[in-house]
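Notes to accompany the following structure.
All chains are identified by letter, namely A, B, C, D, E, F, G and H, in their written order; residue positions are counted from 1 within each chain.
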Amino acid sequence: MKKDIRFVQGNEAVVEAAMYADLDFFAGYPITPSTEIAELLAYRLPKKGGKFIQMEDELSSMCTIIGASLTGKKVMTATSGPGFSLKQEAIGFAVMTETPCVIVNVQRGGPSTGLPTSGSQGDVMQARWGTHGEHAIIALTASNNQDVFAITVDAFNLSETFRTPVILLLDEVVAHTRERLIMPKPGELNVVKRLRTSVPKGTDYHPYLPREDGRLPMSDFGGVHRYNVTGLAHDMWGFPSNNPKIVYGLMRHLVDKIQGHTKEVTRIKEFFIDDAEYLLISYGSSARTALHVVENRRARGERLGLLELQTLWPFPVDVVQERCASANCVMVVEMNMGQIFYEVKKAVADPQKVFLANQIDGSFITPTDILNILRIIQGKGA
Amino acid sequence: MAVKDYIRERFFPHIWCPGCGHGTIMGSMIRAIENLGIKKSDIVVISGIGCSSRICGYLDFHTLHTIHGRALAFATGVKLSRPELTVIVPMGDGDAFAIGGNHLIHSARRNIDVTAIIMNNNIYGMTGGQYSPSTRYGDLATTAPYGNIDQPFDFVKLALGAGASFVARTTTYHATSMIKILEKAITHKGFSVVDVLSQCPTYFGRKNKFASPVDMLKYYKSQTTPIGSEAKEKNPDLIERGIFAQEERPEYCVEYDKIIEKASQRKVTNGKV
Amino acid sequence: MTSKENKKPVINIEWCKGCGICVEFCPEDALVLNEMEKSKLVYPEKCNGCGMCELRCPDLAIELR
Amino acid sequence: MERCRILFSGSGGQGVITASIILAEAAVLHEGLNAVQSQSYGPEARGGASRSDVIIADSDIRFPKVIQPNVLVCLTQEAYNKFTDLIRPGGLLLTDSHYVKQEKKVDAKQVELDMYKEVMDKIGKPIVFNICMLGALIELTQLIKQESIMKVLGSRVPAAFLDLNKQALELGQKIAENFDPKNI
Amino acid sequence: MAVKDYIRERFFPHIWCPGCGHGTIMGSMIRAIENLGIKKSDIVVISGIGCSSRICGYLDFHTLHTIHGRALAFATGVKLSRPELTVIVPMGDGDAFAIGGNHLIHSARRNIDVTAIIMNNNIYGMTGGQYSPSTRYGDLATTAPYGNIDQPFDFVKLALGAGASFVARTTTYHATSMIKILEKAITHKGFSVVDVLSQCPTYFGRKNKFASPVDMLKYYKSQTTPIGSEAKEKNPDLIERGIFAQEERPEYCVEYDKIIEKASQRKVTNGKV
Amino acid sequence: MKKDIRFVQGNEAVVEAAMYADLDFFAGYPITPSTEIAELLAYRLPKKGGKFIQMEDELSSMCTIIGASLTGKKVMTATSGPGFSLKQEAIGFAVMTETPCVIVNVQRGGPSTGLPTSGSQGDVMQARWGTHGEHAIIALTASNNQDVFAITVDAFNLSETFRTPVILLLDEVVAHTRERLIMPKPGELNVVKRLRTSVPKGTDYHPYLPREDGRLPMSDFGGVHRYNVTGLAHDMWGFPSNNPKIVYGLMRHLVDKIQGHTKEVTRIKEFFIDDAEYLLISYGSSARTALHVVENRRARGERLGLLELQTLWPFPVDVVQERCASANCVMVVEMNMGQIFYEVKKAVADPQKVFLANQIDGSFITPTDILNILRIIQGKGA
Amino acid sequence: MERCRILFSGSGGQGVITASIILAEAAVLHEGLNAVQSQSYGPEARGGASRSDVIIADSDIRFPKVIQPNVLVCLTQEAYNKFTDLIRPGGLLLTDSHYVKQEKKVDAKQVELDMYKEVMDKIGKPIVFNICMLGALIELTQLIKQESIMKVLGSRVPAAFLDLNKQALELGQKIAENFDPKNI
Amino acid sequence: MTSKENKKPVINIEWCKGCGICVEFCPEDALVLNEMEKSKLVYPEKCNGCGMCELRCPDLAIELR
């Protein structure tokens, strides 16, 4: 079979991947630079009997997909900064009710309306901490179309596996850059199906009682099991409880099911790491610039390496620590004032060797930007 | 089946205060459903946050207790995914028309087949008696210590203005007709809004000189009148109850099916529209 | 639905919160709030089985049987 | 092949962005090359100056933006003024004489073609001006084959208009072929 | 003063596309203000986000360019703090009635003295042509490639349902009457909503077979009619324009002054109400 | 003059302090456990001609106070978890437009609806990172009425001084506990007035051009200077710009004016720190329990100390580092899964000596909870 | 003075919380003491069991909750069952015989008073039951002076009702004064 | 306001975007879009000074003077 090659934007890669992962339902509200995702799905979803709805705002879009997910659908929404802020309350509801869903946030320049059409990576910490209350979350990213595809499929898979919202944290540059996408064949990538309970009708089903392997099989709303779902702290039946023991169990479960599976959730890519003196750590579009620099300097014999993170949350502390151990110097390349930078500092044994190479003026980070900072780190001045 | 077959008995007596109208509305809902003979597993009840919203815990349907004001958005997701289910959304007046007002008018506009029941006690019960968008001018509330200066919405007018195809009003005093109205609202193919006046003796009543729940029901009895009654002509201050609109209009999920049909006939052309 | 005519209210005193609604609006004054502030069918002979007490009780505490 | 970095610039309605995408898509789908394309969004994309970056290469392309183009296409005077200094020494600067007057010498091959006028004269439809420009470009750079462009057009343009596009493409090629640098 | 005295000339020509109706509305706004003789420093213009909202940059008043959908909430803060100022809020149809619908109906309910001008192009212009709550059934949009199945709001009906005391509709074709209507809306003491049909040739027009801005104005000319005209009786599909409501009702800031008066007469009793 | 002593809840202390700090305008939406603030202000504000408005939701409440602030008023809103999530988009607007305002978040149990009537400190990281886009923020807290009063006044002062939203991050226990409040006399506490421009009518006023001391004098909306305010990246006139130089300057200004003044913004309290072997670090209500433990053990001769943080953001890295230097062991006491804990770990030289003593089951952290964990840290087991 | 930790418990309508606040406020405003008061919110506070924690001391009070009360007041059987085990050895357990039957011995002074009945008999207004309880409490504990309570009531209760409250307070004191432990 | 009768449209071609609205709806057909796609008062004598071109121009590019 001939390869199915496309020339598409990152946003289109998201759409193709979501369709590949059996997306059934999308609700959204337009916002630059994520709008193409909605536009394409408005066209694509009905073709396979799926549902697309443009809601009145981002708050309702988020709520709508949660409702749809509970009926057994695979669901997604897509937005950018301001809309991501608006979705936070409902994202917390999805966390608390353990409802699978994928939220795409195509980052643009902030804060506030900021620079709507510029790339940025300013929402990394918000993806982790944007909703109120203690919780854990999964956030993934990618730097090129092929990876965007794979990571999007992964986002759905992890969302189903851990019954949790997964945030796909892209950025304007990745979303809007057109490049090749080789469409994976059906079956080529793993697609995790919704895990449904095997408890038969008439037998008690506990929506919030984890199995031995920690997973919680679901029962579709409208199916044979009638149960309650609430954003309040709740017991294994889904009914409100403020019994400290039950609350404690719930909180630990919600956090541990993610933090405790960091290894399984971690996706990274490594370039010339083994003997790297200067280890660059980057993600999303800025990893492209970082890789450009690494390849370029390797060609001149300089020992640069790149660790590209695709899982941002839970932060892969162990992997980062290990990979940084032998480098003389670590440089985090990102388009903000150091959000992953501080996580790396926290992770490594000798934080004073970690530096930040960044760009915050709305323009895309260039190889020169990185090299200039590298030179300074090397003590060579400006 | 008996009323008890529709509830989760282990949580009774329920949490609502003595004489709270919300319980009466729950009873009427159950009776309407019983009369219609809808299977329990075909019903999804979705609520937001408020005293009213605690209804979810008590009903033996698929129940989804969501966040404040957004119940209809969740309902849109459930209904559009599974149009064959009966989706009922009981809401507080604050839940439905303060923080949730936008979702209500947009649900009405789309005419999605969901039944919104407003458990309208003219106050925020759950948070302890602040004024709501249906608190009348001059009424007292904890955040209106000098008397409320906000004009209230007329929920019926607003729902009509937004394009709702079924709009009705009733009260907890008029339990028999409430049941009838709810039956019609639930069977109506399209978005239905039923504004049910419901007493909150604890906060609204106490602040506004109603000595007891009984007094509040007396108020509903004496101060409301069927739509277009003579009494209304004589006393225009009377609140009308009954069905204000019941129209057949294109329903959203049905319309969506047409989209699916159209779409499946067209060929995908390189992902371009 | 079966006719309710011969039925009389049975009050679940565990659920009754003594709001007095059934008592006040019983057309036949068949009900009374007792000393425990619970509704009681004190005059069953007066009761016409209309069922309004059942429908209005906010606590689902009345069932005509 | 050498990595080729192309910067297209012009005004909103000229179809520069579409042309750039067609070029890049042809490279990827029909010539087994890599290509990335990106464009300026933002207020300036509406009405004002628009810009599209294309990189074509036979190896992986990491950094996706064009900083110093090998090939610079300017279709308005404003674009010419703004971008002309960016060109790589030895590159190619292509402008349309209807829109742009090349005012200074740069260390590049400077090509001024009368594409707009020719399109209006020979075809009469300004809408295919961008395709004509593309024809000139592939002729001058020998980057992508005409057939590859036509294949992309075939999948994008309604059948009824395909021929028109072909005419324009070929017209562009011919104009470029006939270009005599001494005329500048 | 001339029109130019009201604008920030250095930002002209403005960013709107050729033939975009938003510019015409801006012109009419300026002329209405000029006719009313209001001082520039007494006017605050507040907008949300959208092509429409870019109006703030161009006008030489106090201008506040806020976030999508919430302009009226900001306006409430400005007006309630400084009731003597004239507060005008130009909004896109999406801004006003999609994400911002709730604030609109609540502003109407409170009857706060703010003038909301809906620059209604039936589309999301800024984000490139998605359907809005006023996109008609069957119209095309980038998110409605098979034709829109949403029912549009009738903004006039909705505003009336929400209790707005001044409600009008006009179009960019009817520039003269637009100016008159805007004058009345601005002077009206209470919340005013003016629905101005405004062409977006770039997205709405192109998608929906309008060859040019001119065609869109022709549509406004032929497909609208004054309220209660004979033409409407013959062709009920015609869109009515004119003033639908203009009523004197208690205005929010005025009411608030009464609260202040009441409050200053009562003694504070240990912080308790 | 006799002392004016009150017996009030923390929420009332906030109200008294806000009135002391010349609050003019409050907009809010009820939510437990912050509602009393709104209720009291509905009563109090009109008495002095101030304005109280209950809006239709939290989003609009936040926007409304920003509008009012721009006209020259001192403004505040109050909410709790879910409402705080809803305010995030508009908080970012206040950051970007440098509009002074105070946002009270009385924390309750999360995520989602969680435990609405329980105390918690789960929104600490959200206060820092809740809105999209890179930014900086000030967040303060306090543990008892007297401090709540002083810190609330401070919140207004810092908000005016730095032209920035300030988050007052209380918790249910502090908000609802009744205790003594000695009302400061007029003049006893400093109250910073709005800094208004001295530029006269007719002369150009630059709303976003910092003075030499870094401050930006304001001009009231409706006053003599007409200018533009926008959430887009903007120039010194307030007009949208995406010029990288201007954007860079704006971003640095927004962040540096806060991060660069960490010292000035830092408020701490110290108890028995000098010779502390075991240093407890805590804030808000949990600092009360921590202090209880410290005093209790000191009485038995054990060298415990407490560093109580009142400024959470910008995090007082230097102070924490310095105070921790001589302790053998640092214990962060909080009611979440370690939000300030990780900041402390980042700040100190030897992070392995930092431990977490927390409570997440919805009940208030007790001395026993802390002592049990202390025992384990000391190697004495459970 | 010794730090005194008091836990008041009962049902929603009995006014326990109000009484507890009055006590604590009296301590702070009129006796120069420190006091903290807090109560259970949450669903259980509506209709069901309600609880109020008061600590009174002459030194600073850090930890504001009562874990082991010196003084436990239970005004419903449910509250009695729930809280009675918490009491500190040697503490005081006060109940009302109308509502509660003390079923077991605890290591505390157990006081059962007929306050409700007496209030109904002597005053006839159940609304002041809580104040009567407070009277009994201050009599039994000698924690706060009657005048201090009256001062607080003076600032909270409409003048017309002040006397009624005073009667209730004194009634409570008298009942407690007359209490003979042997009666249990 | 002064009478506009004797006034004629003056077009600011820097601002005019050539949308053609003024041209199409001029009651006297006094305006034309020129080769640069800018509006031009080609027949000043026809112009009746009604000012509709000014009021409708979306670009504030016309002023009657």
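Definition applied: contacts are C-beta pairs under 8 Å (C-beta built on N, C-alpha and C of every residue); 3 or more make two chains touch, one makes a residue touch a chain.
Everything numeric in this text was worked out from a predicted model, so none of it was measured.
*Asks:* Which chain is most remote from chain H in terms of Cα centres?
*Replies:* G
*Asks:* Please indicate which chain is farthest from chain E, where distance is taken between mean Cα coordinates of the chains.
*Replies:* Centre of mass proxy via C-alpha means gives G as farthest from chain E.
*Asks:* Using mean C-alpha positions as chain centres, tell me how far chain B is from chain F in Å, no decimals.
*Replies:* 39
*Asks:* Round to the nearest whole Å and give the separation of the Cα centres of chain E and chain H.
*Replies:* Going by mean C-alpha positions, chain E sits 27 Å from chain H.
*Asks:* Find every residue in chain E that makes contact with two or more other chains and list them.
*Replies:* Where chain E meets two or more other chains at a single residue, that happens at 17-18, 49, 67, 98-99, 101-102, 106, 133, 142, 145-146, 150, 256, 259, 262-263, 273.
*Asks:* By the touch rule stated above, which residues of chain F touch at least two different other chains?
*Replies:* 6, 32, 39, 42-43, 46, 56-57, 59, 82, 89, 93, 112-113, 115-118, 230-232, 240, 242
*Asks:* Quick check on chain H: which residues sit in contact with 2+ other chains?
*Replies:* 17
*Asks:* Which residues of chain A touch chain D in their complex?
*Replies:* Answer in residue numbers: 5-7, 32-33, 115-118, 172-173, 176-180, 285, 288-289, 291-292, 295, 364, 366-368.
*Asks:* Show me the residue ranges of chain A that touch chain B in the complex, using the header's touch definition.
*Replies:* Interface residues on the chain A side: 6, 8, 12, 15-16, 24-25, 27, 39-40, 42-44, 46-49, 51, 53, 55-57, 59-73, 75, 89-90, 93, 221-224, 226-232, 239-240.
*Asks:* Going by the contact rule set out above, which residues of chain D touch chain A in the complex?
*Replies:* 21, 24-25, 28-29, 34-43, 45, 61-65, 67
*Asks:* Going by the contact rule at the top, pick out the chain F residues touching chain A in the complex.
*Replies:* 59, 81-82, 84-86, 88-89, 92-93, 95-97, 107, 109-118, 120, 122-123, 125-126, 128-135, 230-233, 242, 244-245, 247-248, 251-252, 254-255, 336-337, 339, 342, 345-346, 351, 360-363
*Asks:* In their complex, what parts of chain B are in touch with chain A?
*Replies:* So the residues of chain B touching chain A come out as 11, 40-42, 44, 46, 49, 56-57, 60-67, 70, 72-78, 80-82, 84-85, 102-103, 106, 256, 259-260, 262-264, 266, 268, 271, 273.
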